[in-house]
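See the structures that follow.
Common to both upcoming complexes is subunit A, partnered first by subunit B, then by subunit C.
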Partner chain A sequence: MSTPSTAVARSAAARTRRAGLLRGAWGFGRTKLGVVLTGLVVLVAVAGPFVAPYTPTEFVAKPFETGVDGTVFGGDNRGRDVLTRFLWGGWTLLLLAGSAAGIGVVAGAVVGVVAGYQRGWLDDVVMRANDVLLAFPQLIAALLVMSVLGPKVWLIVAVIAVSHMPRVARVVREATRKVIEQDYVKAAEAIGLPRWRIMAVEILPNVTSPLLVELGLRLTYSIGVVAVLGFLGMGLQPPTADWGLMINENRQGMAVQPWAVALPVSAIAVLTIGVNLITDGLSRAAIGIDRGVGK
Partner chain B sequence: MTRLIVVRLLFGALTLWAVSLVVFAATQALPGDAAQMILGRDATPQRVEALRDQLNLHEPVAVQYLQWLQGILQGDLGTSYSNRMPVDEVLASPVGSSLALMGLAALVATPVALAVGAFSALRRDRAFDHASSLGTLVVASIPEFVVGILLILLLGPGGFDLLPSVYSRVGGPDQWVLPVLTLAFAVAPPIVRMMRATMIEVLESEYVQQARLKGLDERTVLWRHAAPNAIGPVAQVVALQLAWLAGGVVAVEFLFNFPGVGKILMDAIENRDVPLIQAVVLLIAGVYILVNLLADVIGLAANPKVRVANR
Partner chain C sequence: MTRDKAKDTAGGDTVLAVDGLTVIGRPSDVEIISGVSVSVRRGEILGLVGESGSGKTTLGLSLLAHCKRATQISAGTVEVAGKDLASLSERGVRELRGRAVAYIPQSPASALNPALRLRTQLGEALHDASLSAADADARVREVLREVALPDDDAFLTRYPHQLSGGQQQRVAIAMAFVGRPDVIVLDEPTTGLDVTTQAHVLETIRRMTREYGTAGVYISHDMAVVADLADEVAVMYRGELVERGRTDAVLTSPEHDYTRRLLRAVPLLRTDGHGGGGEPEEEPLLRVSGLSAGYGRTRVLEGIDVSVSRGECVALLGESGSGKTTLSRSVAGLHHQFTGEVLFDGGPLAPSSYRRTAEQRRRVQYVFQNPYEALNPRKRVRDQILGPYRHLVGRPEDPDAVVAGALERAALSASYADRFPEQLSGGERQRVCIARAVATRPDLLVCDEITSALDVSVQAEIVRLLQNLQEDGMALLFVTHNIALVSNIAQRVAVLNRGRIVEYGPVGRVMSAPEHEYTRALIADTPDFRPALAETAD
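Now for the complex of A and B:
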């Protein structure tokens, strides 16, 4: 009956290490700045719909008209209130990007741990399949699928999650291969624990640091891809209020009505900067050096 | 090392083949009949039927794929649905424009990024280093089209009105400035970071210390002993960034209405022009794979362990 208690002890140890990582990351000034920036945008996106003065499809002005009574930033390309659409347009981006990053990281973690631990032909097959997936630039893959199957919400999430998976899997596999050389994994094997338990209880808690860093990175890219799909008109469709789509709709009138573009653009910029600052803090705390390069 | 490179090349070809399979399968799933799409809505059934025969649309999908692949290998990319011209003619001028845009961006970004990275390494943990570290982090996080819009808002007609924000046939060379600048901002940060990290590693190495202890002047130490050893990993990152440009160019061309492959792709998607979509996606994926391969080979060639082993 020693197994459950060791498992409990170990998960407790993992918890303190994770707390240590978060505390270590918090020690950097840029992490705090990142949390503030991210929190600000999340607050706008979540509380926005409740404080918006109009409904997102209500006409309050002439197209691209500014300085209208009762509006702060004027009207957009159809004459709808810019402030209202800005306040409504954030939560879709957060939800889509968050779920795409979450699903992609979970799937990548499972694939990476299994491939790294089982090795042999399974590892080879998974990693070769990964290389093929990696051969597509993320945005091109998303555009191809969207153009074929049509822009649907679940499809946006699925395509981005699938394109994240091989990238996460590669990192987690590397981390796993370092962990399985450790004595405690060999000890667990010697006791005869089933392989899935070793993967779930011994290996997974010990690759959480790179996993958290990956989550941050993937979140930054998810926000970028969701926003750029909306901007290209291949993401959420009108009349949804969405920051990416808002930029697409209003870019023709940028010279006369800059607010309709400037607001969503600044929000996306601040959000990605904030998330990336947090990620940078996490990775510094995890490995003590600058994180890797590449898009 | 030759063997390793040959293996990579074979694997690159295999990946490209897999990509072609994916692209063909994806476009097969598109609704609508190719013959009908080419002839338009008011074509007679007889003409549609005749064209179906000509395009081998009665054959099984596998046969169609092989014929399509054979055509591509012979340089025949098919006929565009929307303007009924051969795809390679449609693509000729946009490919040139896109390559020029990407080349200019790389030419602007690389030297500046290398200089900033090297200078940060020399000024490690001082004000310049901190500023460039935070700066690259911020620029690297923002999606490239957002960088482009911020540049337009700042320098375009709505801001200081220094540069045109939309490409047009009659415009002068100044309309290239904002697209090139946007792409340069997108590719530079990783190069800066890699250059800094590598230079720091090299400057702390024993052979550089040895060179300094010999009493060589700092300039010789930097250019003769440090820089050559930093080139390998940095060249690899530069190549990877060039590969990223192949895909990243789409949104930037769309934003500036720049007549390159990215804009062609967006138009083709709009018109459901299947042969054109296939060709552009294959082209971009091909460039991406090729440049990634190049990065691999550079990485191998720059690694002395690999270079010397199994020669």
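Now for the complex of A and C:
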């Protein structure tokens, strides 16, 4: 029962008060730490090629030689500069992992919302197909396809995205089913809004919380899978500078030249931890929002 | 009454004494309730009245020395049977809860653990180690008999979901009384119940407090129920106790302005009707004839004939499960499984809203029961209103004028347009829902229990709003379970019972001379609230 005067006074403050998922997540210390860690690795990967002292394929030292003049961390298994290859090797990983996670999440969201909203036979068919895809472990499926079709960049992205899709779809479908019980969806149906618009305007904005959490999670997995594929030789091929590939190439010389392995390993570790911390903050904020205590 | 109650000799027969109680929220330090003092005598019931957000539940919980998340008692004392709860340790309080103070929550469905059988549930509430298993079992059966529930093994092995709403609430009452408490706190225990069930539950509460000599604190926003039940009334407003006194004294000569407003907000059960009851013009706006609807094989509605004329309000009255929502959804095109004829302005309405013409969808609008679910939380009020308008009418030349106009018709200022639903109170949300519906200038507004989730005072405002809309020429199909509302808003009423219309006619006639016994029972079970104030009101 607010009188008009208090209502007007409140509305000014009200506009800024919108408690979003992102703002809620930012309130946690872990999210800030995660953003710092992730930002650090992304900075190395993106700015690295521009500040690298050599080109990634230039020979500057003997294989596994350390303490060479003009190099910080010495040479790798072929005598190329470790620092340069480290600075060059990140953006491919980030790009592949990012696009695989992005495509997977978008595809999963579309499939999940459509299956959850349309129900009936479409839901059954789509979700059973999902179950079939879910039966393949992510890495095994990727290795299988790579060994049959050969390691190609687009294939890496496609395989990882396809393996993400059913997992995301499952989560989004559950969230969608909760949302479509709400009366605002019925209100949109009562005025005859087209189905696709209901899905895009009424449902999708209300499942963003689980979707964002899912995006973080899928990004973490993508980083892992891309790095492992590189390590197993099924990812990017030499002489490309790539963190996963670097670990594989330099592991025999680890005792004499630890930097060539330690740098990419710690970068991947920091990145994974960082993304995980952000995801964790997001999911904590999402739980708070769902319970209504986020206000 | 085997238990020794020596403790209460000192304070006369006052069992509950609250003095200067203040509860603050953390970390803002805002006082949620400030300096509240009440006392209740043995065997009496104190009615605690106030709108949502006035702090009545917070006060009720603090009587158990329980605080909601991020709140704490900062001053004052709560004395139950001579013991100050606020000064006791957590362990000491736990000892007293359920024995000295018991609590009956608002929604029994969520208060009973769905995974526990009633025997376990009630036995847990007793939690008295001094009793043997046989004694405890006997006590549980005794209390079940007292709340008029079966006490056989078959009943005790049931799960909560196998009970009706009224039975669940009576189990909750039994759980509260099983430990023979000195004080019992009832937090709107009948809000979700039908009038008939409500009458039974209130009767049970009345009788149990008398028999046990328990002091009751009955929290409610509905003056009519409190007037019926309580010996004393305390009115809360914005965290403060603004008025307190014997029930009849408060009802006849309220001192505080807010109390007067509350009393005026209660819909009177019997009114003179609203003129016009005679047979309306030849072709009504909406004519439903021979409608039968169901879900799968279950028939919910059978042979329904209703009509609504232009500018008329027809009420659909029925209890939960009577099929009234199914009927209103069929009219709105949200429920497709029906047979029979629905004519709107001479033309048939297709079962699915997607098969109807845009013009038909524009002219029939629907307002939902629960305003907390009916607005998309991610859209501003402006977009909530413009969405249907763009879709049904077309792109407006001046969107701001459309939004402002719709908000004005719903008695909201244009400044609400930029808000998100979470920044609105329940009543404001429902107004936005109405604004969204009237933005397209419909001829028929279907209102599905639109005030049942709201306070009585807000309900009165919404009813006034609907009356204004009706005067502008809009026809209303008003679905409700509240018979008192019917006589305040509708011209004609159709009483639904188990999927059939048992009585249909002008409100004045149905209320004064009901023909069907179901209608008579409904009227008899509704608290008849007629404050003396009604005459003296300015």
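Operating definition for what follows: the second predicted complex is superposed on the first by the 268 of 295 C-alpha atoms of A that agree within 3 Å, B and C clash if a C-alpha of one lies under 4 Å from a C-alpha of the other, contacts with A are read in each partner's own complex, and residues count from 1 in each chain.
We take it that a residue touches a chain if its C-beta (ideal position, glycine included) is under 8 Å from a C-beta of that chain, and two chains touch if they have at least 3 such contacts.
Given the structure is predicted, the values throughout are model-derived calculations rather than measurements.
J.: Looking at subunit A, does subunit C or subunit B touch more of its residues?
T.: Of subunit B and subunit C, B contacts more residues of subunit A.
J.: Mind working out whether A:149 is in touch with subunit B, subunit C, both or neither, as first, second, both or neither?
T.: A:149 sits against subunit B, while subunit C stays out of touch.
J.: Counting only touches as set out at the top, which of subunit B and subunit C does A:71 meet: first, second, both, neither?
T.: neither
J.: Contacts for A:163 in the overlay, against subunit B (first) and subunit C (second): which applies, first, second, both or neither?
T.: In the superposition, A:163 touches no partner, neither subunit B nor subunit C.
J.: Contacts for A:99 in the overlay, against subunit B (first) and subunit C (second): which applies, first, second, both or neither?
T.: neither
J.: Please identify the positions on subunit A that touch both subunit B and subunit C, taking each partner from its own complex.
T.: The answer is residues 293, 295 of subunit A.
J.: Report the residues of subunit A in contact with subunit C in the complex, numbered from low to high.
T.: For this pair, the touching residues of subunit A are 1-2, 4, 7-8, 10-11, 14-15, 17-19, 182-184, 186-193, 201-202, 205-206, 293, 295.
J.: Could you pull out which subunit B residues touch subunit A in their complex?
T.: Touch residues, subunit B against subunit A: 11, 15-16, 18-19, 22-23, 26-27, 29-30, 133-134, 137-138, 140-143, 145-146, 149-150, 152-153, 156-158, 165, 190-191, 193-194, 196-197, 237, 240-241, 244, 246-248, 250-251, 254-255, 265-266, 269, 272, 277, 281, 284-285, 288-289, 292.
J.: In their complex, what parts of subunit C are in touch with subunit A?
T.: Those residues of subunit C that touch subunit A are 51, 69, 332-334, 353-354, 356, 358, 361-362, 365-366, 368-370, 373-379, 387-388, 391-392, 413, 415-416, 418-420, 422-423, 425, 427-428, 436, 457-458, 461.
J.: Going by the contact rule at the top, pick out the subunit A residues touching subunit B in the complex.
T.: Result: residues 30, 131-132, 135-140, 143-149, 220, 223-224, 227-228, 231-232, 234, 247, 251, 254-256, 258, 261-262, 265, 268-269, 272-273, 275-277, 280, 289-290, 293-295 of subunit A touch subunit B.
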